[in-house]
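Read from first to last, the chains carry the letters A, B, C, D and E; within each, the first residue is number 1.
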Amino acid sequence: MSEEGLLRKITERFGDKIIEAKVLGKRRVSILVSPDAYKDVVRYAAQDLGLEFLSCLSGVDRGDSLEVVVHLGYSMHVLIKTRVSKDDPAVDSITDILPAASLYEREIHDLLGIAFKGHPNLKRIFLPEDWPEGVYPLRKDYSPEHPKPLRGGEAV
Amino acid sequence: MIEKILATVFFPGAIFILAVSLFYEWVDRKLYARFQNRVGPHLAGPFGLFQPIADLIKLLSKEDIVPMATDRFLFTLTPILAPALILFACMFLPVAGPSGIISFEGDLIAVIALLSIYTITVYLAGEGSNNRFASVGAVRAAVQLLGYEIPLTLSLLSVALAAGSLSIRGIVEAQAERGLWFIAGIQAIGFAIFIIASQAEMERIPFDIPEAEQEIVAGWEVEYSGKRLALFRLSKDLELFLLSGLGAAVFLGGPIGPVIPGLEPMLYTIYFILKSIIVLAIFTLVRALFARLRIDQMVSFSWRYLMPPAMILIILTEVIM
Amino acid sequence: MNFEVPIGPQHPIHVEPLMLRLKVEGELIVDADVDVSYIHRGIEKALELRPYIQGLYLVERICGICNAAQSLCYCLNVEQLLGKEAPPRARYLRIVVEELSRIHSHLLWLGHYLHTLGFETLFMYFWRDRERVMDMLELITGNRVTTAYNTIGGVRRDLPPGAEQKLRRTLDYIEERVRYYEKVIDSEPTILARTQRVGILKPGDAVRMGVTGPHLRASGIKHDVRLDDPYSGHDEIPFNVITWDTCDCYARVKVRLRETSECVNMIRYALDHMPSGDYRLKIPPFFKAPPGESLSRVEAPRGELVHYSISDGGDRPYRYRVRTPTLANLLSVVEMLRSRGDYEVYIADVPAILGGIDPCICCSARILITDEAKKRRMITTLDDIIRFSRGRRVERR
Amino acid sequence: MGLVEKLVRKCRARSPWILLFDTGACNACDIEIAACLTPRYDVERFGVLAKGSPRHADILVITGPVTRQVRDRLIRIYEQMPEPKYVVAAGTCATSGGVYWGCYNTYPSLDSVIPVHAYVSGCPVKPEAILRAISVLVEKIEKGEA
Amino acid sequence: MKVPGRLVAEALKSLFRRRATILYPYRELDKVHLPEGFRGRIEFDRSKCIGCQLCFRVCPAKAIEIVDDEKGKRPIFYIYRCIYCAQCAEVCPTKAISMSKIFENIALRKEDMVVR
């Protein structure tokens, strides 16, 4: 299946739910979908297009919104993205379609604060237990104390 | 009387046995390292000979920690009891002559019994540290006992049967009379069983299940540190000496060998040490060759592969006699 | 008895702190949870703070064992952003170093796994032979483990004179040794007893759980990024993807053994067909990457490695996402450890499952027990739980 | 200094048992320390044994920057060790945090958490450097300076 | 074929073979594998430096501090922070920085690990 063919299949099937679809390069395809269709697109890709292997799930802070990126496929690498607003961000969990997503969803929940609706066990995974609630290190508004250049060998 | 006390305390008694068993630990470690193409300890003393002593003294000099949760009584008693038991058993070994410091008809059985009591001490040591896993580790030691004890006993008994005596002295003398060691002949099977079963008794690979690998001294030992740990290590070394000595005495003719008149007592000791080092080398080799079994595999292994030959052996010995 | 058994996060020799929390009812594990937070350093955020050239060295230190794969993936990613491609010679040199470090990683794993099984001597032999590989890595890159070899636009140095012969000699040696070890492992009953039919992961489950790398191939699935998505001239180099279909720990040993020989052949081929020419592009140390996103995948020794980056046109990444193979494989552990329906997992299976997948997890062996009845917490090692569990089984019979 | 004390020091110097603890390292230092146990380097020469229980160890070898989660555990392990105890910071991370500056989850260096007796810089430390560090520390112990 | 203890030949052979161990810290220093191009402790030639601060900007570990001395801006290298990547040596326009073969960077006090 070629990159364009794949895109065509998905856009035909989901029509205007697809906000943007483009080919990033050889074996790389990116699709931006609206949050309500997100789970269906993933299901379609995984079950009907045979992209059943979830290789990664990423979260991105896009400034005004938060983005979830699903990476699917062995050879062809399809990125299915969706964006949600920063206040009360939540998307559907895809763990029931792709169990592999469960750790990644926890990671994103932990670091970016996106809630995954329907995740069976959305607990902290990376951050320490005493990490303050509501602080998400991967968001742009969080910045760790940035050590200044050295003085006498110690960052000040 | 004085002589007897001296013999018990110095040569060939406690002090000598302690020294030799520390030496045996060195031989074991060094050989093991050589099998692995390494050097092994070599900085403490010539060729690292004093390594075990250094370990011991260091441990003795360390801070003594008694964790709160432990049973103080057992925590104090077992580290003393364990080496004492084995040391006592070592007294039966014919180190400097055909008979040990203590010798009576049936002392072979006494040694076997002492080994079992030692395992029970280990069990208590684990229980005493009152750490769930230490105590369960101790239970493993006890379970393992069921696996190896009967083959071990049978292999020794068949030799006793062949020699017509239940005392170590009797067995040694029987070999001297025939001019043939028991390992030559069908008792070789017994020797093999003895080696494997002792490996389990000493909790060494492939049966170091209740004991962790040498790097993770865990299990029943996990809560012990400093002096107490030193005593447990000592009892391990003594056990090594006891079992290789027992093997040498029972299967390799003990201290008997060609004698230069007038030098007997010395030669006895030399022969005994040499032969038991051969047994020790076999122990070490076995340790280098296998992966660790799981305890269920260990138990089924010994019932399947150790028990039947041991049974057959004892019947054969009976028939031949 | 219902208590929680966290495993981790400290172990004597080789440690990556990781904690598995197992909820057990008697012998049965009812729930498993993984806590990898002990190594979480916040690298993804830190990458946003530094220029690309500095990020390269941080990425190498996400994990020391696969550092060559990590830095390669990073370089490919940034090169994609810049729209450049490394020259052919650089690509081949990258393969040489990548495969060398794969050999080193596999030998390490094998020795390690045997050590997990209590086979000290083979562990020593494997690591002894691995030293030869480390010498080669040091010769080519200047350091034993962290190679700092790949750079944006190529590699940082050419093969030093005389390295090729030495490398070939080492390869011959390794090939012969690996063949010998395979024979030993295949004939040693104690090893077979501990690995065969232990920790089975069926192909279907493996895919569902997103397992990658040798672990996946040991479940009989033929996937390898080098084959499916060639990234550094792998389409020019012939190699076999090793699979094994018994799906157990033995298969994982076999796959890694065979892959080691395969790596040897790949390096030989790369040396034979080494293109001449430049080994790096001239790229200034500081640059701004054009806006866009890029994604690179590399077959690291432990599986597929994914780097995904977004640039906003600045001199440092806007977002850099790293998905390491171990995290992908970890999930299958968690899933395999959870009893559901008629699929039952006992504590007794924990070491088998963990050890078969990744020895480091197995070996980050500290166990914290929370005994609900007694409200007591204790720390011991994984070995105790192994013993504990095995023993339980025996007692039940 | 009495004879006994001299002997004890000597024995301590000849039997340093180590405990390795990874406080968030990248594994490279860990495997290099593991390599120290294997035939090429063989630390057992010095009488070093790698122990699993803090109760049995004399020297605590730390690799990696100290992460927030591991800090309390590190302190606990340090406290569980019987005196006399020594700490070696192996690798740039442990000595100073090294490359992990700006990571929100790490402490700046090991010596801000527990006392350190010897520093070994290297990324990763070459096994020889670890051997050397142990021998340097051991000499200090023997002289009674550490 | 399953044969227990197949390794016995190899183990016995190692008994008589030369040890694989290098008796490093006390003997056999020359056997330590240190190839050309090994990245050890930084060596800094102060006279060559022109004070461009490139090394400072590129250092991924923040191991370099720039101080003002009589000649202008000059770097100080804190070895205990250095990750031996040699990136500074690579960018230095005058090759004032080079990587030596010193790998034993051991100190009992941090302050001893500084290169000026």
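Criterion: a residue touches a chain if its C-beta (ideal position, glycine included) is under 8 Å from a C-beta of that chain, and two chains touch if they have at least 3 such contacts.
Being a predicted model, the structure only gives us computed values, none of them experimental.
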_Neighbouring chains shared between chain A and chain E, ordered by label_ = C, D
*Which chain's mean C-alpha position is the greatest distance from chain D's?*
A
*Would you say B-E or B-D is joined by more C-beta pairs in contact?*
B-D
*By CA centroid distance, what chain is farthest from chain E?*
B
*Using mean CA coordinates as chain centres, what's the chain B-chain C distance in Å?*
42
_Chain centre separation in whole Å, for chain E relative to chain D (CA means)_ = 19
*Taking each chain's centre as the mean of its CA atoms, how far is chain A from chain C in angstrom?*
24
*Interface hub residues of chain A, defined as touching at least two other chains*: 127-128, 137, 142, 144, 146-147, 153, 155
*Which residues belonging to chain E are in contact with no fewer than two other chains?*
4-5, 7, 11, 19-21, 23, 26, 60-63, 78, 80-81, 83-85, 110
*Would you give the residues of chain D that are in contact with at least 2 other chains, written as numbers and ranges?*
38-40, 42, 45, 50-53, 67, 69, 96, 99, 101-105, 123, 126
*Across the complex, what residues on chain D touch chain B?*
7-8, 10-12, 14-15, 38-39, 42, 44-47, 49-53, 55-56, 58, 80, 82-84
*Can you name the residues of chain D that touch chain C in the complex?*
19-35, 37-40, 50-53, 64-65, 67, 69-70, 73, 77, 99-106, 123-124, 126
*In their complex, what parts of chain B are in touch with chain E?*
31, 34-39, 43, 285-286, 288-290
*Inside the complex, what are the residues of chain E that reach chain B?*
4-5, 7-8, 11-12, 14-15, 17, 19-21, 23, 26
_Partner chain D, residues of chain E touching it in the complex_ = 19-26, 32, 60-63, 78-85, 103-110, 113
